[in-house]
Every structure is written in C-alpha cells, then in structure tokens.
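Labels A, B, C and D are assigned to the chains in the order they are written; within every chain, residues are numbered from 1.
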Amino acid sequence: MDFAFDTRTEELRGRLLAFMEECVYPAEAVAVGQRARLASPWDTPAVFGELKAEARRRGLWNLFFVNQHGLPDEEYGAGLTNLQYAPLAEITGRSPHLAPMATNCAAPDTGNMELLAQFGNERQKKQWLEPLLAGEIRSAFAMTEPEVASSDATNIETRIERDGDAYVVTGRKWYISGAMNPDCKVFIVMGKTDPGGADPRRQQSMVLVPRDTPGVEVRRAMTVYGYADHDHGGHAEVVFDGARVPAENLIGEEGAGFAIAQARLGPGRIHHCMRLIGMAERAVELMCRRAVGRTAFGRELAAQGVVQNWIADARVTIEQLRLLVLKTAWLMDTVGNRGAHTEIQAIKIATPRAVVEILDRAVQLHGAGGVSQDFPLAELWAAARTLRLADGPDEVHQRSLAHRELKRYR
Amino acid sequence: MDFAFDTRTEELRGRLLAFMEECVYPAEAVAVGQRARLASPWDTPAVFGELKAEARRRGLWNLFFVNQHGLPDEEYGAGLTNLQYAPLAEITGRSPHLAPMATNCAAPDTGNMELLAQFGNERQKKQWLEPLLAGEIRSAFAMTEPEVASSDATNIETRIERDGDAYVVTGRKWYISGAMNPDCKVFIVMGKTDPGGADPRRQQSMVLVPRDTPGVEVRRAMTVYGYADHDHGGHAEVVFDGARVPAENLIGEEGAGFAIAQARLGPGRIHHCMRLIGMAERAVELMCRRAVGRTAFGRELAAQGVVQNWIADARVTIEQLRLLVLKTAWLMDTVGNRGAHTEIQAIKIATPRAVVEILDRAVQLHGAGGVSQDFPLAELWAAARTLRLADGPDEVHQRSLAHRELKRYR
Amino acid sequence: MDFAFDTRTEELRGRLLAFMEECVYPAEAVAVGQRARLASPWDTPAVFGELKAEARRRGLWNLFFVNQHGLPDEEYGAGLTNLQYAPLAEITGRSPHLAPMATNCAAPDTGNMELLAQFGNERQKKQWLEPLLAGEIRSAFAMTEPEVASSDATNIETRIERDGDAYVVTGRKWYISGAMNPDCKVFIVMGKTDPGGADPRRQQSMVLVPRDTPGVEVRRAMTVYGYADHDHGGHAEVVFDGARVPAENLIGEEGAGFAIAQARLGPGRIHHCMRLIGMAERAVELMCRRAVGRTAFGRELAAQGVVQNWIADARVTIEQLRLLVLKTAWLMDTVGNRGAHTEIQAIKIATPRAVVEILDRAVQLHGAGGVSQDFPLAELWAAARTLRLADGPDEVHQRSLAHRELKRYR
Amino acid sequence: MDFAFDTRTEELRGRLLAFMEECVYPAEAVAVGQRARLASPWDTPAVFGELKAEARRRGLWNLFFVNQHGLPDEEYGAGLTNLQYAPLAEITGRSPHLAPMATNCAAPDTGNMELLAQFGNERQKKQWLEPLLAGEIRSAFAMTEPEVASSDATNIETRIERDGDAYVVTGRKWYISGAMNPDCKVFIVMGKTDPGGADPRRQQSMVLVPRDTPGVEVRRAMTVYGYADHDHGGHAEVVFDGARVPAENLIGEEGAGFAIAQARLGPGRIHHCMRLIGMAERAVELMCRRAVGRTAFGRELAAQGVVQNWIADARVTIEQLRLLVLKTAWLMDTVGNRGAHTEIQAIKIATPRAVVEILDRAVQLHGAGGVSQDFPLAELWAAARTLRLADGPDEVHQRSLAHRELKRYR
C-alpha cells in the first residue's frame, strides 16, 4: 500500500502543472470570451482545439486509460496505473471545464473508450474508438431515464428490439452528458432486449447509435442548477423513436448490458472523485486568498474564528479524501475493480458530499461573488452537488455498502 | 401573543389561494413560454401584466405595506399588520417568481416604497412612490459593492459629492436586483457624502438616481448559481460614473443613509422569511408526491426510512420556523421593528439555512429531475441559498445576536 | 392560538421564580452534601422533604395535572391548562433534579397520577393516587424490557396471567425510573394478558404491583452515561418472578394496556420537552458567563466568532422550540391530546436533539469543567441525550410523522 | 508513503489479536467483578497484574516507545516505528480499559516515559523511568488547571519557585489522569519558574514531584460524564501547597517546560487517535450484531435504511481516519514529529469528532442498552467526547492549522 508518487508520476505531474499554468488557466477567460461569440453556444471555442493539440504535443494525452484487466494500457493509453493517474486527474480537476477535455481525459468519453476497448468488436473499435482516442469526435452514454429511478438498472424502460438484421431503439433518455455538442457523434444506449426475461440482470443490452440515425432526436438541453455546461457539451434529453441500427452495433452480446454498465462505472466514479479533490483544493486556495484580502467589522476575515474553522476543516477533509482515493486506486491496480468495489463505493459516498460542503463554505466566504459567474465556486458547487446523485444517489451506495458490512455478522 | 388568523386574514387567504390556483400556477408555464419568445430576455412577458391586473381587481394589492410606525397603512397599502400579511406572503412564496410580483409585493420595490413613504419628500413621493404603488414602474436598491464587505456599511466606497445644486455619484455596485428590467426606472443609491466624517454611521447618504441619468451604466447581468432570474429583473452590475442628479433627489438629509438602510432592511428580511416558508412547503409537497409515485429496489420511496426522515424533519422544521416568523411579525406590530430586532435576526439566521436544507433533500429525492428546469427545486434552492448571504451573511447576524445575549452577563 | 401568559400564569411564574432563587438553587449543593452522608445512596436527603413542604406552602403543587379530558383539573391538581403549565415546567427544568420533585411534578409520578385518575377505580385511587398527590410515596411505570425493541409495544414479552382471583406477573423490565428509591411503593406494569390475541393492540394489560409483593426483585441500578440518577430514584432492573396480585389490581380492563399507554405518554412527552427548554436556557446562561470570564490566546472567549455562533444558534433554536412546545400545549388544551398527536411527535423529535447539541457546545466551552461534576452540563447532557431514545427513539417518531404527512398524497 | 503492514507488524498483530481473544476480552467482566469487591475502588483488580505478566511473557510490552529522534527504540521499547505501532494501538483501543494497560502502553505513562528518556537525567531515569518501563509503578502529568484556559500554556498559574537547593510547588491542578491510583507514585508538574519572564514560552518549567511529598494533596476524583474511570486511575484534583522537592527534580533546565510539553504531546495525540479507531471498530461491530438480531415494526433493524446509512457512513469514516493516522505515523517516522505537525493536528481534529458521532449512533441503535453499563458504548462515547477537549480543544487546533494554511497566501 505505497502511495508515494513514483518517478513517472512526478515527472508527469511537473509537466501537467506547467501545462496548467502556461496554457489552461490563461485559457479559462479566453474560452468564455470565444463562446460568447459563437454562432451556437454548443459549438466549440477555438481555444479547445489549441489546448488539445498542445497537450498532445506535451505527451499529456489519454492518461486515464487502463485495459480490460484494469492494468496500464500502452496500446491505447499512456500506460499509467490508476495510482499514477490519480494525482494527475486531481490536477485537472482544478480547471474541470478545460483540463480534462484538453488531455482527452474527459467523461463520458473516457468510460466509453474503455468500454469499447474491452467489449467492442474490431469494427466498432475502428469506427468509434480510434477517433475518440485521437480526440476527433466525442461520445455519450445514454442510460438515465426521466420516468424511472434509473440507479436501479432493472427499471430501465427503453426497448432495443431485434428486427431482422437491425436493432430498433425506442425510449426517452435525459441528462445525456455531452450530447448537445455536435461533435458528439455516437451514443452508447442502454435498453432492454428481453424485458420479460427471468434474470432481471440479463434483460439489458447496449447498442451504438450514431447521432445521425433517423429517429434520434436531441430534444433539448437540461440544466444543472441553472448551468447548461456548454463546455461539456451539456446534458441532453434524447428521444429514440424507432431508431434503427445494424445488428452489428450491439456491444458484446444480448443480455450483457447490465454487466457492461457495472464494469464501466467503477473507474468513472474514481475519476470523478479525483477531480473533485482538485476542485476542493481550488476552493481552499480561493478561500485563503479572499480571507487575507478582506476586512469586515474591523478585522481581516482570516483572523475570524469561523473562517479559520472552515479552512482548517477543509484541509483536514481533503487530506482524508485524497488518501481514500489513492488507496482505492491502488486497490484497483492490485486486486482489480471488483476487489475494490467497497472502496469505490466509499469514495463515491464520501467525496461529493464533503466537497459540496467545502465549496458551500467557500461560496459563503465570497458573499455575492461566491454565487456569481466571476468566481468558479458556484458552478463547481453545482457540479459537485450533482455527483451526489449521478451514477446512483448516495443512498443507493450507502445501502449496498451496509449490506456488505452486515453480511459478516449473519 | 395571539397568532390565530383573524377574520380579515382568513378572508384574504381564501381569496389569495383561489388566485394562486386559478391564475398563478397556470401562469408559470405560460410565462416560461412567453419569455422564450421575447426580443430581450429582460423584457416582461405579457402574462405578468394580466396577473397584476387580475390581482388588483381581486383586491390583492400592496398587501405588505406598513407605515412609518410599522402599523397598517391604509393610505398606501391594504392596511394589514405584519401578522396579517405573514400567511399571505407565505402563500406567495409557493410561486415566488410570479405571485409577489402579481400582488405588487415583490422585493426590492416593497422596501423602496416603504422607504419613500417614510423618508421621501412630497415631490419624491409624487414622482416615484405613486407609480410604484400602481405597479407601473419598478425600482432598485443599490447598496452592495463588489470590492468591499458591504454587510458592514461603513465599508461603502461609492461617493455622493455635492456640486452646486446637484449630487454627483461615482462608484460600482453589483447584485442590484431588478435593475436589468427596463421597467426599473429609478435606483436608490447608498454612498458616502462625508467619507472622512467622525461618526462612521453618519458618513452615508441616499439619493434617487433615475435610470436614464447620464453616467449610469447597467453593465451586465450577474448570475446566481447559473440563474439569471429574468422574472425578477435579474441582478445587475451598475456603474455610476459621475452621474449627476438634482440635490433635491437626496432622501432625508445628508448623513441619514445608514439609519435609513437599517430601517429598510428589517421588514424586507421578514418578507423573505415568510416566502421561504412557502418555498419549503412546496418542496415538501413535491417530496411527498415523488415518494408515493416512485419505486426503487423493490420498495416505494415513501416506504424507505431515509425518505421518511427527510419528510418528517422538514415538517418539524417548518412548523418551528413559521411560529418564529409569526412571533416576529407580531412583535413588529406591537413593539415596533427596533423592539423586534433580535427576533428579526433570529429568523434571518434560522430560515434560509433550514429551508436550504429542506430543498436540498427534495432535490436529492428527485434525482436528475431535482437539479433540472423541469422541477422548481434547484432554482428555489439557489434563491434560498443566496439569502444566507444577502442582506448580511449569517455570520454577521450571529455575531450581532450573540453580542446582545452576552451583554446581559457583563 | 394565543401564547401570551395570562394573569394566573404570570402570578405563578413570579412565585415559582422566587421559590427557585430562594429555595431550589441553594438546595442543589445541600442535596449533594446530604446524599454523600446517607446510609444508602438511594435514601432521600432531608432537604427534599423541606423543599416539598415549602413548595406546597407556597401553592406550587401538582401544577401539571390535567383531567381525563385533558382539561384543567381542580379536583386533583392546581387547575392549570397545558399552556399555563408549560412556562412553569420550563422553569423547573433549570434545576431538573430538584424543582420538579419539589413541586410534585416529577416523572414518572405525574403520568402515573393522571393514569390512575383517568383509568383507576375508586379503590386504586384511594390506595395509590391519594398518597401520590400528597407527595407521600412515589411510583414507577414498568414498560421497557431489555430483550425486545419496546418502543413497539407489540413486542412486550412480560406475561400477566389470570389465576383465580389474582394476576401473576412474570417478566424482566429495566430502566424503570424511580424504582431504586425505597419510597417508590408501587409499579404500574405493562404486560400481555392475551399474547396470542388477534389484535396486536389488545394483547396488553396493566396491573398495579406493590413493591413488597413476593416475586418482585429490584435487582440493580442501571446507569445513564455513568450517572445513577440518585435524585430521581435511579433506573432499576426489576424482575417479576411470578409476582401475584389481586385481580382488582388490574387497571381498566384486560386488553386496554396499549390504549392506556398511548394516553399516558403524550403529556409526559410535552413535560419532558418543556423542562428540556429550561435545561437549554441554563446552558446558555452558563455559556455566556463562561465566555465573558475567560481569556485564551489573548482574547476573551466572548469575542471569538465560534463562541458567538454557538450562543446565537442556541438562542435561535430555543426560541423556535419554545414556540412549538407552546403551540402543542395550546392544541392539547383546545383539540385534545389526539388532535395534537402530530405536534407532540414534532416536539419529541425536535427538542431533545436540539438541546443535546446546545448542551454539547456548552460542555465544549467549559473544557474539562464541562465534563465534570462541578458544572451541571455533562449530567444535563446525559439526561437530554437519553430522551432521544426514551419513550420511543427519534426514528420511530419520524417514521410515524412521515406516514401522516404522506397520507395526504395517496 | 507505504502503509502496508510489514512482516514484523503482521507477526505482532497476530500475537496481539490472540492475546485479545484469549486474555483481554475474557478479563473485561472479571475486572468489573473484582473491582466491586476491592476495599477501595481505586485499588487495582488482581487480573490487571495477570494481564501484564502475560503480555510481557508474550512479548507485547512497551510497544509504543520511540526514542528522542522519534525513531524505534530498542533500549527502552520494543523497537517499533510509529507506523508499526499504529495498527497495534488500534487493536488495543477495542478494549481501551485493559489492553493498553496490559501492554504497558497506557497514557499518561507512555508520554511520561518518553519524556524522561529524552529530557531526564540519569538519576531521574534510574528512579522513575525504570520502574515505569517495568510496569511496577504508574505516573501522572500535571498540567491542566481549573481556573484558566490551560490549552494556552502561557496561562498556567502554578508556581515552581527556587528556594535554596529545592523547588517549591504551589498551585491547583485537575483532571490529572491516573492520579487516583495509589500506584501512581510521581507527578510531572508543569508550572512557572519565571512568571514575569519576557518570553512567554520560557516562563515554564517541569519538576518531578513524588506522590508522598508533604504539601501534595490528591483531593478528589473528577468525573467524566458520570464515569470515574477507575481502571485508568481516575482523574484527580491535586493541590500543591508548598510542596518541596530537591532542585535536581527539575526536568531539563528552567524555562524548558513549554518546549518539553510540546514535544510530549504529539505522540500522545496520535496514540489516542489510533485507539479511537479501534473504539469505532468495536462500535460498528456492536451495531451490526444488534441490527441483525432485532426486529421493530415488522422489519429487522438491518433492513432499515437509516440503520444502513449509519453503518455505511461509519465504515466510510473509519477508512478515512485510519489512512490519515497511518500517514501521520509514517510522516513522524520519516520527517519527525515537527515535520508531521500539521498532520498531527489534522488527526486530532478529525478523529475524536468523527468517532464520537459513530459511537452516538451506536448508542441510539442500542436504545436503553446503549446508555447503560451493559454495553461499552456510553463509556466509550464519554472517553471519545472528552478527547475533543483534552490536549487542547478542537477549536485551538483548527485555529492553528488554519494559520499554517493561510500563511502561504500572505
């Protein structure tokens, strides 16, 4: 259980920190300015492409990739372990709109790429994985539905019906992240091929549905506390009205959807948690800068006990979260994603909740500025808060983790 | 200390509830649709005017008004006490974008009208108070500044300088609620006429600055967790660059600004708290409807202990908040705003914090829907959360209330 | 809904406050000293009798009593409504070991007296109610059992079996408050007369079991966080090993036990809550005195923001709790205990939890003194904390209150 | 930063776990029984000596000891690093009354032994350190005073005055842990030799005061939430009324008291935190056993969502705390106690607070049993709660940690 950064990690951290200082932070304001002048807010600011080119040039590309065994992947990715990637993902979390995208490490593409590498056939890899790895297109993962509690995948209502040599997809999905971006060329859709099947975990399948398939309608942009998340390609409501795709677009086999989803979500959760820690660090930095620069009622904010408590508690919390994330990454590397199941749940429960609290106090310390667009805090808060219910709400993970704990005593 | 609703209150509650059912709730979707088709998002949907006309016709107009002694005002208002108004304001809080505006009871106009009635001269009343009372124009209160902790009014940096028979206003304000709305015709501006004066509470003055005064620039719309609050006229950054107004635009006398601000804020705070309780009630209703209508992991949400706790705790909290608000209203009626100072602070501390928590759980229960535009919860949350820092952050009120409590033991 | 103190209440408050200052507070140290010299720690210090005599002389006696209709009782009690009693009970809560006992308003005797008045026959009243009303004996209520979740009365395992003209009681009870005191002459025992009966709420009955009945063993004193609660007569484990009592000792009829218990617990809960508010007020007073008298790191504690927040939040919380308790009392007076069911649950959920938190902060402010016997805080904390699980844990009341709230939406 | 257990740690863990199962847990009830029959409750049950002999025989003795460089000490101790000791201390925390004492790893002797080894002269080591290492006597550390906020050592009022070749100690101390035990033969007393000295951190000195010195009065046992902590030798109020000791009893030099105290407290804090984690694990185990064994309202407690949340959150919290403690131990081993200052503060802030919460929920789950002497939970709670104010209250450490964080931004 050695969490020290090895040479490769240290070297990449240095390179990534330089990239952040030299390119990413300066690009934040540039991106806002460029977006304001785009024809559609869903188009991509030019600086995005420049950042990607620069990151690739600097060897900061596809850092996240682990192979089907959960091991470093040198075929598709940078060949890093989860433990090596964790501190890098944390750094990108400090500018979560730009840095993950710039390094081709942004959700949901990351999970989709790993999914295709692991479960896709050669044709699917050729058609979709390669351009994704190259950062030429983007992709979406269409699972959540408005009408049912989708954290319980047995509730899924979308139908994927075999019809000759095709599958016909019918259903309504929402909060399909990235799908508002016209560069998002393909959806991985979760639905039921065998809705009445005996085993509720074998009813689901996944198919690849190209964006331009007739019957696919990207209906509208959902918001998250008022934010449209343009940089991420938004969160779309997508209606599949008899969308017909070749049968070869099935990923894996019929009935494998549930298992593929489970396999996909673990790494995604840890990536989110890594970045959340970077978001929390940015909040602490902003809190400290604000506290030393403002005076109220005759005393610097930094000299006020309540503010000191907020800062101290944030530091104490972050240290704990980081260690738990590193341990989880290390476990995933050594015993695999399934072996790290409890720890993945633990960080999923602990991290968003705690980071939400840190961000909330940072907002409070900034007064009106905190809720505004002039500081990143309110938007980071909304992103963190949403992670308390995305990929399964806290309560689902608490329930599952408790079951495991209790089993020992039966 | 009798909080029972008297006959007049009951009668008005009935009338208001009917207005909500028949006009306000149906108008919510209409307003969204109309706004989407406006030339500027800051223009006013036609349904707003219809609601106002209908409310006025039904005798639901200027319900909030108390006179300079804090007593029912029949000259300008509906002649209600604070205690009579409280349950009505709560009801309007269930649809906070429309109902307060429709009944001409919306901030910041309410506080501005009372201020003008109490401190304005006859000319000022004629010019500004009358059209405000008639709902023909709107107004803004320009106090908060981006560069200083404005909850401590001695920090205010805006200058109001006498120059001949005029005052010249120079400074930068932000989060000036309502100012993005072109119908907002006048700003009450807080600044310093005597920045070096010996008494830090006599340095400030207030002047009326018409929107079309040269040197006034409504620069941009600030957001609140991503929301622009179009219905409220937004929250503007406003720059006063040597804006020149006649000396007769001074409100009261030079040096009276601090005292006027204090007088203005008390009633405003209780109005916010009354409406917050209505927002919390709407959240509980939505939680219950969701809980009885959804199933996850084989059980109705309503049957799950965590959900039951959220609902029970929300009910227990609301009951307490409502009683404290009613007591405060009753105190304001009987001993005046100054006599109710501690209670006003108490509700200002207690209410936003508790309602934020209730709304947060309602969001969690709604999953992705909770953070979306399809339910009012996320937007209500943002509004409630902002009230933990508007009109002075929680911490300022806690500090002040503690001073008062401690004084008894010195 | 008028919560103002009427003339009678004001007069009694004045009299009671004088009694507290002149007799009760001075007796606190006396009682500790006397108890240390008693032959058995369960004997009664002489000052207890003196306080009772003095309270009776001052007309501060049996203040709590309401009759079977929940109305003021002038036959047995002082003829006060719940609303009149509430502020008096709060005052006695400031010295909860002495003042309730001194005024013959201490649990569990209060509930037992009301129970006997309402459900007892004349013989039972003569034998037990009269000496209880006179403060000559004490009593206990034997419901909780160690082996089952007794908050669900259908779980009760004690058997009450008819045998000729007697009932035979067999079972084990614990946390029978007051039973360690040798003056506790009678137990009201809850058990099952019809354990297999069809209606799970008609299986239970209650019988009066005199302390000296053969087969009754007061086995040991249970502790509450290290406190034996000698002043209250402790909390005993009591074993009933075939204890035989005349059939006429049955209270009411067979099968009525569940209903009698429900009727008994409501008023008891509000009494606890009233006193808890007095305990919280004492904590705030101690916090303030400590804060103005100590210095750490160069600043008076009272000048430190964290301490100010604790004090302010305590004040805000107490105001809310008091209003909710007063409203509940008023409801009990006007619509009866059943009509006030939801409010009784609400105060049972809200009050102990909030007062525990206030006391905890008071402890923290007092450092080592806070956990010691030199301040009442730690012992008050233990008492308040126990009320989060006595008479049904929080969770049971939350569940029940949520059911009621949800029912409206089905 | 490798936290994996090395071979030696694994071997010792196995040995210690066997000792717990075979000797310590069975001795818990034995000790209670023996103590009840002792002449004085402050005497030592015979089983204590047996446990110590057995632990020593098994090579489980003085495991805690690190030398003056913070490195494994083979002269006096078992030669373990902090990182090796941490998981062992955690295990002893599962039975905190017996296991630390049995292995001669109990506070305050551990800190006193390290202090004597580092700062004592040869005579002092011979006289006091050797019998302490052998477990033949016990010792106390007399720092806290009732009249001042002693977490700020500049407040200390006890005087240590040079008089010829002696020091005369005058002052009042309390919460001197262990001092009620007659085997506690010596006090290390912190006082001021130079109360008016220019440097407030050079005014203090420490002297060794044998228990039988004239002028030393062990006046009374202080309690902690009603617990006397007999097993630990209680917490005494000790009065030094001109107690005269030879000048050679000075530890180190005059003015070194503050620095010695700082050096002493770091390791003590981490030991407490290690044991707290063991206490939390015991609480989780008890919660799980209770939850699978009880039914309320028709469902096993383990199936109830609130209980599941408590268990899940406890597990998530413990994992984080343990990692932070391990990291801190590793830091102390690698960069020394001063280098680990921030982390020591972090665990001091995080651990007691979180474990208090876990224990509180475990109490709640156990109902009346939870607050009783039949389960260890209430007593463990009191011990954990006290650690939120012992060795400096949370707020002092938060303040200090925040200063360090803020310094980077000035």
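We adopt the following convention: a contact is a pair of C-beta atoms (placed from the backbone, for glycine too) under 8 Å apart; a residue touches a chain by one contact, two chains touch by 3 or more.
The UniProt protein names, listed by chain, are A, B, C, D = Acyl-CoA dehydrogenase.
Quick caveat: nothing in here was measured; it's all calculated off a predicted structure.
Peer 1: Would you kindly say which chain has the C-alpha centre located farthest from the C-alpha centre of chain D (Acyl-CoA dehydrogenase)?
Peer 2: Chain B.
Peer 1: Have a look at B-D versus C-D and report the one with more C-beta pairs in contact.
Peer 2: Here the pair linked by more C-beta pairs in contact is C-D.
Peer 1: Counting in whole Å, what is the centre-to-centre distance of chain A (Acyl-CoA dehydrogenase) and chain D (Acyl-CoA dehydrogenase), each centre being its mean C-alpha position?
Peer 2: 44
Peer 1: State, to the nearest whole Å, the distance from the C-alpha centre of chain C (Acyl-CoA dehydrogenase) to the C-alpha centre of chain D (Acyl-CoA dehydrogenase).
Peer 2: Centres of chain C (Acyl-CoA dehydrogenase) and chain D (Acyl-CoA dehydrogenase) (C-alpha means) sit 37 Å apart.
Peer 1: Mind checking the centre-to-centre distance between chain B (Acyl-CoA dehydrogenase) and chain D (Acyl-CoA dehydrogenase)? Centres are C-alpha means, answer in whole Å.
Peer 2: Taking the mean C-alpha position of each chain, the two centres sit 53 Å apart.
Peer 1: Could you list the positions in chain D (Acyl-CoA dehydrogenase) whose residues touch two or more of the other chains?
Peer 2: Those would be 304-307, 309, 395, 399.
Peer 1: Sort out for me which residues of chain D (Acyl-CoA dehydrogenase) touch chain C (Acyl-CoA dehydrogenase) in the complex.
Peer 2: Contacts found on chain D (Acyl-CoA dehydrogenase): 144, 146, 148-152, 155, 174-175, 222-228, 294-297, 301, 304, 306, 363-364, 367-374, 378-379, 381-382, 385-386, 388-390, 393-396, 399.
Peer 1: Please name which positions on chain B (Acyl-CoA dehydrogenase) make contact with chain C (Acyl-CoA dehydrogenase) in the complex.
Peer 2: Against chain C (Acyl-CoA dehydrogenase), the touching part of chain B (Acyl-CoA dehydrogenase) is residues 1-4, 284-285, 288-289, 291-292, 302, 305, 307-309, 311-313, 315-317, 319-321, 323-324, 327, 342-343, 346, 349-350, 395, 397-399, 401-403, 405-406, 408-410.
Peer 1: Using the touch definition up top, name the residues of chain D (Acyl-CoA dehydrogenase) that touch chain B (Acyl-CoA dehydrogenase) in the complex.
Peer 2: Counting only chain D (Acyl-CoA dehydrogenase), the residues touching chain B (Acyl-CoA dehydrogenase) are 304-307, 309.
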